[in-house]
Structure formats: structure tokens, C-alpha cells
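Have a look at the structure below, then the notes.
Going in written order, the chains are labelled A, B, C and D, and every chain counts its residues from 1.
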Amino acid sequence: MAKDSVLKIGVVGYGYWGPNIVRNFMNAKGGTVVAVSDVNPNSQVRVRSLYPSLEVTGIADDILASPEIDAVAIVTPPLLHFPMAKTALENGKHVFVEKPFTCSTGEAEQLIELADRKHLRIMVDHTFLFTGAVRKIRELIDNDTLGQLYYYDSTRVNLGMFQTDANVVWDLGPHDLSIMDYLIRRAPEAVVATGEKHVNGVEDVAFITIYFPDKIIAHLNVNWLSPVKVRTTLIGGEKKMLVWNDLEADEKIKVYDKGVKRTNGDGVYDLRVSYRAGDMWAPRVDQLEALKLETQYFVDCILNNQTPFNDARAGLRVVRILEAVDRSLSNKGGIVYL
Amino acid sequence: MAKDSVLKIGVVGYGYWGPNIVRNFMNAKGGTVVAVSDVNPNSQVRVRSLYPSLEVTGIADDILASPEIDAVAIVTPPLLHFPMAKTALENGKHVFVEKPFTCSTGEAEQLIELADRKHLRIMVDHTFLFTGAVRKIRELIDNDTLGQLYYYDSTRVNLGMFQTDANVVWDLGPHDLSIMDYLIRRAPEAVVATGEKHVNGVEDVAFITIYFPDKIIAHLNVNWLSPVKVRTTLIGGEKKMLVWNDLEADEKIKVYDKGVKRTNGDGVYDLRVSYRAGDMWAPRVDQLEALKLETQYFVDCILNNQTPFNDARAGLRVVRILEAVDRSLSNKGGIVYL
Amino acid sequence: MAKDSVLKIGVVGYGYWGPNIVRNFMNAKGGTVVAVSDVNPNSQVRVRSLYPSLEVTGIADDILASPEIDAVAIVTPPLLHFPMAKTALENGKHVFVEKPFTCSTGEAEQLIELADRKHLRIMVDHTFLFTGAVRKIRELIDNDTLGQLYYYDSTRVNLGMFQTDANVVWDLGPHDLSIMDYLIRRAPEAVVATGEKHVNGVEDVAFITIYFPDKIIAHLNVNWLSPVKVRTTLIGGEKKMLVWNDLEADEKIKVYDKGVKRTNGDGVYDLRVSYRAGDMWAPRVDQLEALKLETQYFVDCILNNQTPFNDARAGLRVVRILEAVDRSLSNKGGIVYL
Amino acid sequence: MAKDSVLKIGVVGYGYWGPNIVRNFMNAKGGTVVAVSDVNPNSQVRVRSLYPSLEVTGIADDILASPEIDAVAIVTPPLLHFPMAKTALENGKHVFVEKPFTCSTGEAEQLIELADRKHLRIMVDHTFLFTGAVRKIRELIDNDTLGQLYYYDSTRVNLGMFQTDANVVWDLGPHDLSIMDYLIRRAPEAVVATGEKHVNGVEDVAFITIYFPDKIIAHLNVNWLSPVKVRTTLIGGEKKMLVWNDLEADEKIKVYDKGVKRTNGDGVYDLRVSYRAGDMWAPRVDQLEALKLETQYFVDCILNNQTPFNDARAGLRVVRILEAVDRSLSNKGGIVYL
């Protein structure tokens, strides 16, 4: 696109998350929303009352195939991501799509091939990568504050949201999997997952281990049946360790000057490690709305012909782990190499 | 023993935990400590200054084989549990032994056989079973407050204590494994464990899933490399769910009147489950020292010729899972059926 | 008004709080917003973009004197409450006005007299009285769960918001003073207030004691210079005690079955009181938006010709205490009888 | 005393706090306990069983007048502090005495005069001044990390301990008053106190303001009727602000890089202050037992002929404020100049 033109965006899906997508793309510099579709008539009414100037439709293809539209945002249940993204790409549109990118690696690979062939961009909405907290942790890893990583251990549990076409891993897992991908920056080697189906035939509780090179181990505890909401991640490094509690209003990240060192003991009962415990430090974390940054970044990438870091290949990496998790779950554990 | 006699107890090991054992057995009704041994001369000095009347020795066999002693408490590193308990039983003594009971199921079975043959009692120090919190949770399960159990999910992490002859699972795991055994009261079916060795050649981080009948799933997160201490267990049931935070001074257990129900949806996008969220309730929990209750219970069981519920067979059940965990860990997460 | 007509509301002031007032009155059953005024052109632009159908003006009197309007909401700095409410009442309009009602009891009394004479309603926006938390506490007092009240002790501190025309008491105090008025339901007898002016010539830290009959004592700690935000109130009663932490997402109110009883000791060193400590209980609190309930209540009161409980007289009771606080502050803590 | 001799200490009172005093003086370098008295026979039995070598008596004067004893620790109810300290001084003994030093300033002044005349030392047990937390805060003030102080605001509430011969201020207040004295290091100018007597004829709830020079204001909220235990102090400075939560196990002190600055606004509605919010930092705090440091310091002061900083004059400064509080309380507030 010409750099001074305005990117015309159509949004498909106006349920729980769609309103945030529309609001943010409306306010993006260089972009604007021109049309919204949703099969639910009530959603259509809501769009019309808030944005009387927008075209509203019940038929997604009105948007996916519209010659007036440059890019589409697909904010639908996951099963529809692939067919809709495919149609959009075939009609020459850039694609912004919710997580998980697709329901299989095969679908993801098809979309990547298609977008490459047509010189179109795909961005997957891994919103957390745009939060102040995740960007700060990335900084602490990149500037070697934490040192060599030991582990990433996340607990992401709450009561619901049960879905009928996905288990708790496909619902809650993409957040942590995309964050790990962004922070650890190594290709995972293998996955082990366990879980149980208590309520409606899909796993509502699951525990996932991901092995990375250099003894980095990641763990993810996801649960739709927890009485309390927890969003806590522990990250251990050789030099420092941190706790990220995303439910804290002000001190989301606490960095601990704590560590362990191997030492030489000479007797049988001597401890061979020693501990270090110093100050704790909670760096100020940027409070800007992550989705605002991300939608702006999408518009900028397209206007400037750049590949976003959260592109379809990043989306594929997450889907590959999700597939491996399902395979391990169906064996009640058991290692799945990637 | 005659019911009105006093049980004479010898304590082997006066390191970190031994002083608590000695203090409590000193104060038990119907029992008393008569001798303490420790290889460390400093420990011997400490005993002598606090309890000038006790016999103190550096040689464990002085106690294990003493004709003056009715029962021994073995408060040593785990490797010594088996040989010392064996000597004690062979010399006709009842045995109180630290957790983990032994370092293998074979050892545990030998001790059980020996004790049975000699009509002696073994009790394994699973102290947590005597806390007000665990007893209250057992009550909430037994009186069906929670309903059918869904999951038991424990996080037990802190910085250290690294050991040279055991990994983090054998160090921290016995607490939860004995609690699960006591609360769930079903034979576990299989174990899956993952982990990593970062510092001194044994696993310092581990994640363990235990499958029980009727879709009860237990999970245990143990970690010697955490910057913060966490002792939190979530227990989900069909009727109610609870959070047990053992680090809370006053409200260790919170019971949530929350739940999920299957419902009939008729459209593709209808949710098929509904949620219920009511009051939270923190029952008052007995604050008596658990070890005081447990040591008294040991004395009472022997004086009254009763089998303790935390006997060698309970100890064996825990060791059996620990062995299975090690086997699964060595396969990086393969399932091990029990 | 006729019961089936729609109440036409004009809103004066569209700064920090105004948008919430407009949004809620727009959605009230039986009422609607027809016009908004604000002196700030940016605010006018914001109204127009969100609500293209509304009349927007920079001149408050366009609304206060408009023959098309039945009621006005005054959402301006406190200094303007009195002159604007007066104009509105003189022009036959019902009035919804922000807290504090007025800047003096004299002003409040004038408005009450004027409204009475013209048979118009005034409601003061004491939003907290419509929260689930305050309504639940009122219920616990009314049904005698707490028993005879001992004290109400609130801490309401944060960093800023500094104002130029009011001290921290007039800024943060009306919340607690209106809540006390609603919960305690007794006429306060006297006030003692201390504080200090560190930054801009008005008190930024203040401590207020209010004496009620029957030994009920209330205390309020307000502070614009606190590094952390605190919104915690302890309420002690003879039978039970509660803690209301308004910053908790889910368990805002915790009721403790704790108490103290006088007992007869017979020796000099005998304690003459005994303690009782039982369960804690966090009742589920309604999560509806308080302002939505309150704006609907305003519309309903006018349509049904009822006096709201948070009327001008309730507003006057709060202003009377604020005036007394200022008088006590100027004496560095002398008692001011009410 | 000669520098190489051992200070022989007698302890009067072995109730709640006495055992800690005896244990610590037993372990002090250069000092030792030789005798303990308590009127309660059960207390005498407890001393004998733990310390068979000590002389135990029911008569305080056996200790206060013993020619064998160099110094006495008075660990009795406050009413006995004065007569016992007087007897001890008259008999040539140095005195370590619990807080509050005495029950009146007159008593305190008499003891100071007597000790000075006889060249004896008095130390008042303001234990908190020896905690890692208070020493760290003093360091942050002394090295100007906080900048000019604005306020000290402490909440010290719990259920009980009711006393028959003192109100909640004399029970809980000395802690904060001695800490303020140590941290602020300015002579207080005036006191305002309010409170109420609900249960046994003395104030069980009280709120105290203390005015210092340079607009430093201190506030203290003490309460025997709180369902929860709170030990939280906010300290605001021009450069930084801190929260000290003494109930936190690991992060007792949090220092906030937050502040407020006067700025020039040019319009009526312009804010005239601006806020700054940066990182939070929890410095590591020394975990040594405060009483161990303090008892060693007492022994060292006497052996080295030094005046302790927590001497009788420090004790008198605390008692002077307590007296002023009582006077203000009896007026239901009202300023009392010091």
C-alpha cells in the first residue's frame, strides 16, 4: 500500500473480544474500520448503536471478499479461523487473526504458503506480547539480568470459560505458549501433558511440561475448575528469579536477587550448594493498553511492508505445541518430540 | 506393654528436626525420652545443655540395641532409615521414623514383614496429617461438603533445601503424597513426572501427575529454585472447591461455594455448562502443634496395642509413588502404572 | 410527571465522572439524556463522537434553563454545585448532583428550602451506597449479625488527586461520611480532626474521629500522599466484626465470628475479658454497577414521586460534618459539637 | 565493672515475656542470669525445669537487694516498674526494664535522678529499635533516601490483649512512640487523642495524632477489638515513601519511588501538583532476633560504661507522650502541648 493511504479494515466477529478490536482499530493511526460482520443480530445492533457510520452485515463473506477492504480482523471461534483467513487471503486481504491461529499445523502451513505467494501479511493476536509486563521481562532476559534461564512455570486457572469445541489447553494455553516463544527464543524439543475431562468431554484441567535446549524447562498449569483466578508465572534464572503476578494492579513483576551456587563440600553431609538472598525489586511496568499497541503495530507493519514478529510463523509455533499437547494427553502423558 | 507403664524412647539424630521430636516425646503422656544419639559432637552438646538428665551418645547402636529402651525415633537422613529401623526391630523396639519411610519399596516391605513377625509397631512421621488444616479438609471430604472430587493440585516451592542424596521429589513430595493418600483414600493408578537437574545432578524442579480412579487427578509442583515460598493446594469437587494456603496465619482453608453444571444448549454456540458462585467460608482450623498430637498418638498406639493409620503400610504407599516418579522422570515423562 | 412519560435529562460537566453519568442515564429505563454541556471544547468533541444525537453546548445555562429538560445532573467542581443547582431548581428542574452536595451547610439549606417549595427532587450522588458491598454491610447490621456497633474505622489513602479548591477531607471524606450515615443511622455528636498541609496549602493528610451515641466511634484516615492505594474499613460489633477491602476483586467483605466478653476475674492479675475466635465468612456481594442502580433509582423516584434516601438532607448531613472537620482542623484537633 | 568480669543478672517476672529475657541474657557474651523471681509458683516450676542451675524465688526483693547481683531485668506489669527499679537502684544495681518505662513522668524523672546520682545505667526494653526493619528505616532516613519527612502513620490493631490496669494506648502505643522517637529524632510539639471504652472501662480503641516540627505529623491507630491483626506503618517523605508491614515474612519494607511536586498551572482548573511513580524496592532486612541484640547491647553498655540510646531519658520521652494522650483522651480530643 502507499504509505500515506489509510488502511481499510473489516472485522468479522463482534462477540466478547470483537468490541475491543473494533474500538482499537478505529483509533489506530493510518487505519480505520469500515465494516463489521456478526451472525448474531444482537451484536449487529450493538455495532450500529455505537458506530452508526459503519457497514454492518450478518454475512462474513461480505467483508472477506469486499473490494473496498484492505485487511480483515478475524475474531471468531477458532474453527472458523482457517476458512475465513483463507478466503480473505485469496481475496487479497491482509489478515489479523485471533489466537489460536488455526486448529492444526496443516492449516497454519497452508495459510503461510498462501500469504507468502500473494505477498500478504498475517498477524496472530498474541496480545500478551504487547503488555508492559511481558516486554519488561523480555528486557530483563535480553540484558542478562536473570542470567541463564532455568525454568518458566505458569499457573493460569479460573472458573470457566468452558467451550464446546476446544479443551482448556487450546483456550488458555496459547497465552503462555506465545509468551514462552517470545521470551525463551529457543525451539522447544518435546512436550509431556496430562489432564482430565470432568464436565463436558474435553480436558478441563491440564498440566503441560515443555522441554527446551540447555535444561530450560517450562510448565503450564491450566484449569477451568479453579475456585480462584490465578495468573502467576515464576521464572528462574542463574542470576536472578522473578515472579509475575498479572492480577496485581501495580507491582506485576517482582525480581528477586536470590540464587543458588554449587560449592565444594568435603564431607558426606556437607551441603554442596549455597544460597544467596538479597533485595527484591519491582520495576515500574508500562500500563498502556496492549491491544492498542498491537493494532497500531499491525497497521504500521502493513503500511511499512514489514513482517510482524507475531506473524503466522509465530502462530504456527504455538499451534505445533498445542497439537503435541493433545497427542500427549491422549496417551495420558508420554513424551512427544517436536 | 502394660498400660500403666511408661514408654521409654530413644531418639537417633538431633539435627534440624530431632529437637522437635525430643521436646514432644519428652512431654508425651505415658512416654518419655531416655537417650539421644547424634554423630555430630555439637548436637550432643546441645542435648546435654537442654536436657542434663538424658543419656547422650555418638553411636546409634547404643540406642537401637539398648535393653532399656522400648521404642526408637529415627530422625536421620533417609539412607539410614532402613538399616536403623531394621536393627531396632531386630532388637524388639517399636519404631517411629521420619519421612520418607525408606529409599525403596523393597526396604519398606522387608521392614513391614519384620515388624509383623515381631509384633512391633512402625509409625512414619507424616506430620501434616496431624495439622488442623488437613484434618479439617478430611472432614469436609468425609461429610461430602466437597462432593465427588475432581482434582488435588499442590504447589510446594521455595529456595532450597538442596540435598546430596535425594532429589526435590523425595525431599518435598512425601508431604503431599501422604496427604493425598489420607484425603483421597483411593489407590493411585499411574504416575507421570517431568523435571530437570540444574544445579547439583539431581532434579531440583519437578512436576508430577498422579491418576486416581473416577477421574480424580492429582498434581504436584515441587521446586528448590523458587524465589518465593509457596504452600498452596487447590482441591476441586463437584459441590464445592477449596484453597489451602498453609502460609496464611489465620485463614488457611477457604471453601468456595462455586461450581459448574452441565446444561443443555440447543445451538452450536450455546455454552453447555453453567457456573455457580456463592459465598466463601474459612472454617476455624485447630492450631495445636501437629507433632505434639502425632507423638502422643504414637505413644498411645503402642500402649493400647493399636495400629496407627500412618503406619508402615502408609509409608510404603508413599515410597511406591516416589519410586514411580523416579522411573517416569528418567523417561522424561512416560506413564508408570502402579 | 406522568408515569409513562420519559424523563429528559441534561448533564452539566463531562470531565472525569461525567461520561459515566451520561452512559448510565442513557440506558436508564424511563429516562434519557438529551443534552450535555462542558466548557472544555475537547469534552464537547468527545460527547459528539460517542453520542451524535445529543445536543452539546459550552454554556451550562443552555441546559439549566432549557424548557425541554425535566432534570439535570450536575457533574462539575464542587464550587459550582450550589449556583447551578439553584438555577436548575428555579427553572423547575429536578437535580442530581455530585458529592459533596455543596460547599457549606448554608448553601445546602437554601437548596433544600427551594426544592421543597417548588416540589422538586434533589439526589446527591453518594454512589457507594449503591454498591453490593455497602448494601451487604447494611443488611448485616440491620439483621443484627454484627450486634451493637463498637466502631467504624476507614483508611482511604492513595497518591493524589490534589485539588486546588478543596482539601483531602472534602475530596475523599464524603464517601465514608455518607456510608457511615447510611450504616450507623445515628446523628453524630462531635468531630475531632487533625491533619497537615505539606504540598499546596490545603490539608493533604487528615485523621478524623466522629463520636456517635452509645459509644460508637468512627475514624477516617484520608491521605493524598500515600505510596499505596488502600480502601479498607474495619467495623467492630459486639457479636461479629468485619473487614471491607474494596480493592479485593472477589471477597470484598469478610465477616469474622470473633468477639470479646467481660468475665469476672477474682485476682489482681486475672484477665477480665475473654476472646472468642470462630470461622470467617465472605458473603457473595452483588457485582452490579452501582451507578447504574443509582441513576435508575433517580429516574424511578421522580417518575413515582418518591423521596430518595440519598436526598438533599442526606447531602446536608455530610456537608455538616465536613464543615465541622474544617473547624476542628483549624484548631489542630479541638472537639466540635454538632 | 571490670571489663573482663561477667555481669550477673537477676530477672524479676517470668510470665509471657520473661522467658525470652532469661533465654537471651543466658546467652549474652559477658553476662549471665543467676536468679529469677516470680510470684506464680507455676512460673517458678518452669524456670527450674529449664534451668536447673538458677536460683528461683517468689520474692522479688531477694533479687532486687541481693549483693550477688550486678543488674536486674524487670519484666513485670507496668505498675511495678517504678517501685522495683527504685529498690534495685538503691541497692546499686543497673536496670533493664520493660516498656512502658513507668506509669508517670514523675516516676521516670525520679529514677533518672537516682540512677545519675548512683552512676548506674537504666535501659528500657524498646525491642523494636533493634529489629532489622526499624534499623533499615532509620538508615533510609539518615542517608536522605526518603528526603524531608511528611508523615508517620501506623496501624497496630488486633483482638486483645485486654489489661485491667492500662488502656490500649499504654499497651500498644509504646512500640510506635519509641520507634517515632528513634526515627524522627525531633521533639514532638503536641498531641491529640480520641478513643472509646467499650468493654472494661478503659479505652480499647484509640486514635492519636502527634505534631512534630516542620510539618511532620504522626498518627497511631491502636485497637484491641480488631478481628484481624495489622502491623502496618506508612512513612511519607518528599523524595520517597515506604510501607513497613511487620507481618510480612520476607518483604517487610517496601520503598516506593513515588512523589508529588508543586508545579505552576496557569488556569483556574489546572492541577498545581504533579505525580511521579517509579520502581518499588524491598531492601533485604536483617533477620536476627532483636531481643538478642538488645540484651547483648545492655551487657556491653554496662561493661563499657556507655549510655545506651534507649536509656531512661528515651523511656521518659515515651511516657511523656502517653501521659499527654491520656489527658487529650479525657477531653475527647483537644490539643495537649508538650
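Criterion: a contact is a pair of C-beta atoms (placed from the backbone, for glycine too) under 8 Å apart; a residue touches a chain by one contact, two chains touch by 3 or more.
Fair warning: this is a prediction, and the values are worked out from it, not measured in the lab.
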Chain whose average C-alpha position is farthest from chain C's own:
B
Chain pair, A-D or C-D, that carries the greater number of C-beta contacts
C-D
In angstrom, rounded to a whole number, how far apart do the mean CA points of chain C and chain D lie?
39
Between the Cα centroids of chain A and chain D the separation in whole angstrom comes to 53
Among the residues of chain C, pick out those that touch two or more other chains and give their numbers.
228, 250, 254, 277
For the complex, which residues does chain D have touching chain C?
77, 150-151, 153, 155, 157, 159-164, 190, 192, 194-200, 205, 207, 209, 211, 215-217, 219, 221, 223-228, 234, 236, 241-243, 254, 256, 258, 260, 262, 265, 268-273, 275, 277, 328, 331-335
Sites on chain C touched by chain B in the complex
250-251, 254, 257, 277-284
